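Naming follows writing order (A, B, C, D, E and F), and every chain is counted from residue 1.
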Amino acid sequence: MYELGVVYRNIHRADRIAADALQHFGAATVHEAQGRVGLLKPYMRPIQHGVAVSGTAVTVLLQPGDNWMLHVAAEQIQEGDLVIAGVTAECTDGYFGDLLATSFKARGARALIIDAGVRDVRTLNEMGFPVWSKCISAKGTIKATLGSVNIPVVCAGALVHPGDVIVADDDGVVCVPAATAARTLEAAAAREANEGAKRDKFAAGVLGLDLYKMREPLAQAGLRYID
Amino acid sequence: MYELGVVYRNIHRADRIAADALQHFGAATVHEAQGRVGLLKPYMRPIQHGVAVSGTAVTVLLQPGDNWMLHVAAEQIQEGDLVIAGVTAECTDGYFGDLLATSFKARGARALIIDAGVRDVRTLNEMGFPVWSKCISAKGTIKATLGSVNIPVVCAGALVHPGDVIVADDDGVVCVPAATAARTLEAAAAREANEGAKRDKFAAGVLGLDLYKMREPLAQAGLRYID
Amino acid sequence: MYELGVVYRNIHRADRIAADALQHFGAATVHEAQGRVGLLKPYMRPIQHGVAVSGTAVTVLLQPGDNWMLHVAAEQIQEGDLVIAGVTAECTDGYFGDLLATSFKARGARALIIDAGVRDVRTLNEMGFPVWSKCISAKGTIKATLGSVNIPVVCAGALVHPGDVIVADDDGVVCVPAATAARTLEAAAAREANEGAKRDKFAAGVLGLDLYKMREPLAQAGLRYID
Amino acid sequence: MYELGVVYRNIHRADRIAADALQHFGAATVHEAQGRVGLLKPYMRPIQHGVAVSGTAVTVLLQPGDNWMLHVAAEQIQEGDLVIAGVTAECTDGYFGDLLATSFKARGARALIIDAGVRDVRTLNEMGFPVWSKCISAKGTIKATLGSVNIPVVCAGALVHPGDVIVADDDGVVCVPAATAARTLEAAAAREANEGAKRDKFAAGVLGLDLYKMREPLAQAGLRYID
Amino acid sequence: MYELGVVYRNIHRADRIAADALQHFGAATVHEAQGRVGLLKPYMRPIQHGVAVSGTAVTVLLQPGDNWMLHVAAEQIQEGDLVIAGVTAECTDGYFGDLLATSFKARGARALIIDAGVRDVRTLNEMGFPVWSKCISAKGTIKATLGSVNIPVVCAGALVHPGDVIVADDDGVVCVPAATAARTLEAAAAREANEGAKRDKFAAGVLGLDLYKMREPLAQAGLRYID
Amino acid sequence: MYELGVVYRNIHRADRIAADALQHFGAATVHEAQGRVGLLKPYMRPIQHGVAVSGTAVTVLLQPGDNWMLHVAAEQIQEGDLVIAGVTAECTDGYFGDLLATSFKARGARALIIDAGVRDVRTLNEMGFPVWSKCISAKGTIKATLGSVNIPVVCAGALVHPGDVIVADDDGVVCVPAATAARTLEAAAAREANEGAKRDKFAAGVLGLDLYKMREPLAQAGLRYID
């Protein structure tokens, strides 16, 4: 459950090098590399195509229909952060538009991940400010009720602590805990090194059946071929 | 409830200058400017990117799986109109394709807003005919049952009267009553003038906390900063 | 109900000429041409824009969270096929990414149609490998449980037999039985020939009311015009 | 679009005898009797089983997460009314619980129909106060923003004017305009009289094929029987 | 894909004893017993509580908003059958009410399973006619377009052949192919015999960890206990 | 993000008196009493009617389609606990049936709250074992992959720590942190004491407008009455 009305100013951010390097591997590889946990639900979709980011999380807890705490969060952003926002109840309102994006960008934010709606999406795309959201809505919000900044939040079903690494691209959004970012980076790099060689073999027509030596386990599982 | 089987030929269209000018401000600003009412539900999405339109509404009430009344509506279109279609029951069929789009365009229609599906979307995009719809479906419709044209209709949860102004862009679709179009235009223009100056300040790194003088109300609401 | 653990190696593929030619007409026209049956549900969406394909179906039945049988299916692909995959239970996982796409492409597959999720979508689009899917998800799958290849499968509510023709574009995905492919091609061609002339008339401002001689049936159905 | 911040005190209520008598026929028959219009979307479900009501509508327009106007509406309730509530945006909050139900009941209200959530449902059922709603949620609401009472509202996709008759039972909710309530009552009664005789014949094993003389039209439509 | 406009009069029904006996075991056990295939999607819900049925399938393919073929199907019902209905497109209309239920019951039908809506649900429950459906809707249907009876149909994502056994209860609906009904009955009985003994042990406080000898495989999988 | 493969044996359970007493107040009052946080999403619904429970949480993290950890959790249950289960990905399978319910009950569990499906619901209701779940499904699960027990889990969008109090009834499910359970109990009791008096006044016909002194703030907000 959430602590309301607090802003934690000093958070432990994940190692900068790992946080930046994870972007290269993408959400799918990073999700595998850390044992298939930490994925936000697939309804979180990018408003742009072909963009990949990673960064350290400034977390925000919002109230339904109220974006007050996004302004509070703006002050806590440091170069290399991105903002990840949960809401205390289901809401599809457009919490974030071009003015806040201008502010976030000026403060050094790399992206917004929000479990609600955004608006001004054409301008956001023109500005090149990346957003992953639940929906798009022209409906604005008010500024009346406190939430919190930099507490652990649930966003699209995933638990995110302030300072965790967030990796987001066209495939979705993954949270990597600060404590394991370096280890996950290593695992992701090992995975990817391994994939390059496979890709060449697949392109040459080699089958996964042979490359992964699946024929025997398939036969043992009882697979029958019928002519 | 709906009157079936009628076509109102003489409708009171909103002031042309206001109807045209509102397009410039977009759905989000117009929605704010008229007090946060009149927004169609956010499941209404454009089939194209980056297009903004506004125009006066020719309304159509359709029956499920039946696009007969879209042909009846075509005759009522005047230069500067767009067509906004509700359905008497949930339906995902593709009511509208390239032939009807050709006809609508030839009659002067600027767009279609439909609480159902459309098809031939690649051709519609090539033709540059803008559509906002609930879904896309290859399934066609029949021509068997009467609905109505230019009666008040509910489209995606919003009530639209014939002649109202519709403003649609990537953020969604808003209905502005004919009677208040000029006043809403004024309010939208005032809002936007105000936003330009803010954008510059945000870009320079000024925080919303300071620009909107939020620090005191936040403290009064009980916000605590923890180092 | 499904037979599990079998691979049918010899399937009767639809006539190649019909299978290839149907791509030209698109899902909407083909769906009409065969009497409005065979459409997959409209939640099946392309991960790319503006691509149309047709081909003969290699069918796969998958288990939830398990893509083992996609590797088994790869071996059964022939030039001109596409792969169409059903799942025994609801699943949003990302079953298919760039490695399998490389393999499928090398084997001659034209596309994948899958009633589940895919990943690596940016790479898939760069490779030009077309996919229609229920969703996009970074979550990978395991290889542990048998399904089947080239049995009749249900995909997005439609029944597909191995060797049937699948036609897919921005409007959706349609299945054409192998036995009626040639007849459907003929009907589609007749439909389209008919549409060209209509398009010119609509573009010239002729109304559907007149072109389709609807005024009398509308009056008989009781339509009233009110000035 | 909606007029905000107004309460119409004098509304034209539908004829009392028709408003009360329509309850007997139920939502399905009434919907048919008035030509298949006026049905609220089927996501509107009763919180109780086996209850049927009809009454004259006091309409309320609510803001998301704010039930202030339900208190304003309470004062406008007369014996024989029910309250029907739309919301300006999607919301699942629990707007209405046992206290408001006690108040509504004391004022003579027969039911609440609300395009949002309710709570205290066990108590509401014990009190015997009927509710049809979009969902059930323990989340309460605030009292901060004006809506309106007794303006035309959209509820679950249907347009309702104050004073219209609402008929609700296990099958759903239908709106009958005040002006046509008497005529619809007559049509419903005629329909039902007709159904009693049919029910006996069906119970005796007579087929609809024969009772409705469908065999010939089915044959003409091309139906083939295969032994 | 579907064959339209045909009624197969002579279908091969599953063994009567197996078809009747499977009811005793329920959907969950039967689904397990046949290897976890054949389950209709979980959105198919009963309109009544605590009822379990099994029977041989008379299949119907319906058109959206059109229940004509349910009348055609009625004639094909024999004692011990139930009717299972698919639709060629998504539809939530109320296809079936008390009149058709009276007819179906008089013909010997045990239940209706329909991938669409039904109405008159209070009366259906009073009559004791069991129904599993996608939704409940007061909206009626027309009788205008041919479907088919006793062809293979897809219902809620599952393929059903005429004569297959359908088992339905509060947990959902399962299809058992006629050819394997006897074998599945045997497997279900074996499963259940096995469960009785387990239940007693669980009730006595024995843990599944010990009963199923899970401690070692859990330790091997790496499970760590932390005090 | 989640730690996988661990079972914490010693958890700090909330004060027993508070944990038990909160059941009396119900989810709606408790949610208000702790400041409108901690509510699970409203899609979590009881499989029974009219049951209210509260207890201390044994948390479980499950893998999709795999209920192995429910058996591990059973051993950690103490008298007065209930089990609350999250899943690492969306899943509708039936994880829990009568055998596990027998085991849980024998261990002293009061209920199961699960962000997935359950089965054997008729038997569960007959046994009187309360369940709140996302859905009901006959589909069973396997026992192959580790999750964790008694780590913080996300269930239906809410973060739950082991030992927290869970309050569940027909209105939904609320999580109360162990540390604030006593304080929340006090606030809930104060709230309810206050409501009794109000209920009597509402029953006597007093309006909320007068009881809550809303007439002046409504007028100040601009509410206009029109006769």
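Keep in mind that, in the parts below, contacts are C-beta pairs under 8 Å (C-beta built on N, C-alpha and C of every residue); 3 or more make two chains touch, one makes a residue touch a chain.
In this text, all values refer to a predicted model and were calculated from it rather than measured experimentally.
Chemist: Touching chain A and chain C alike: which chains?
Modeler: B, F
Chemist: Calculate how many whole Å lie between the centre of chain A and the centre of chain B, each centre taken as the average of the chain's C-alpha atoms.
Modeler: Using C-alpha averages as centres, the distance is 31 Å.
Chemist: On a C-alpha centroid basis, what's the spacing between chain A and chain F, in Å?
Modeler: So the centre of chain A lies 28 Å away from the centre of chain F.
Chemist: Which whole number of Å gives the spacing of the CA centres of chain B and chain F?
Modeler: Measuring from centre to centre gives 41 Å for this pair.
Chemist: Residues of chain D touching 2+ other chains?
Modeler: Within chain D, residues 36, 39, 42, 89-90, 92, 139 contact more than one other chain.
Chemist: According to the definition already given, which pairs of chains are in contact?
Modeler: A-B, A-C, A-D, A-F, B-C, B-D, B-E, C-E, C-F, D-E, D-F, E-F
Chemist: What residues of chain F sit close enough to touch chain C in their complex?
Modeler: 64-65, 89-93, 139, 144
Chemist: Which positions of chain B touch chain A when the two form their complex?
Modeler: For this pair, the touching residues of chain B are 26-28, 31-32, 36, 39, 42, 45, 49-50, 52, 169-174, 195, 198-199, 202-209, 212, 214, 218, 221-227.
Chemist: Considering the complex alone, what residue numbers of chain D touch chain B?
Modeler: 1-2, 4, 34-39, 41-42, 88-90, 152, 154, 157-160, 164, 175-177, 180
Chemist: Over in the complex, which chain D residues touch chain F? Could you list them?
Modeler: Checking each residue of chain D against chain F gives 5-10, 68, 71-72, 74-75, 92, 94, 97-100, 102-103, 105-107, 117, 119-122, 135-140, 143, 145-146.
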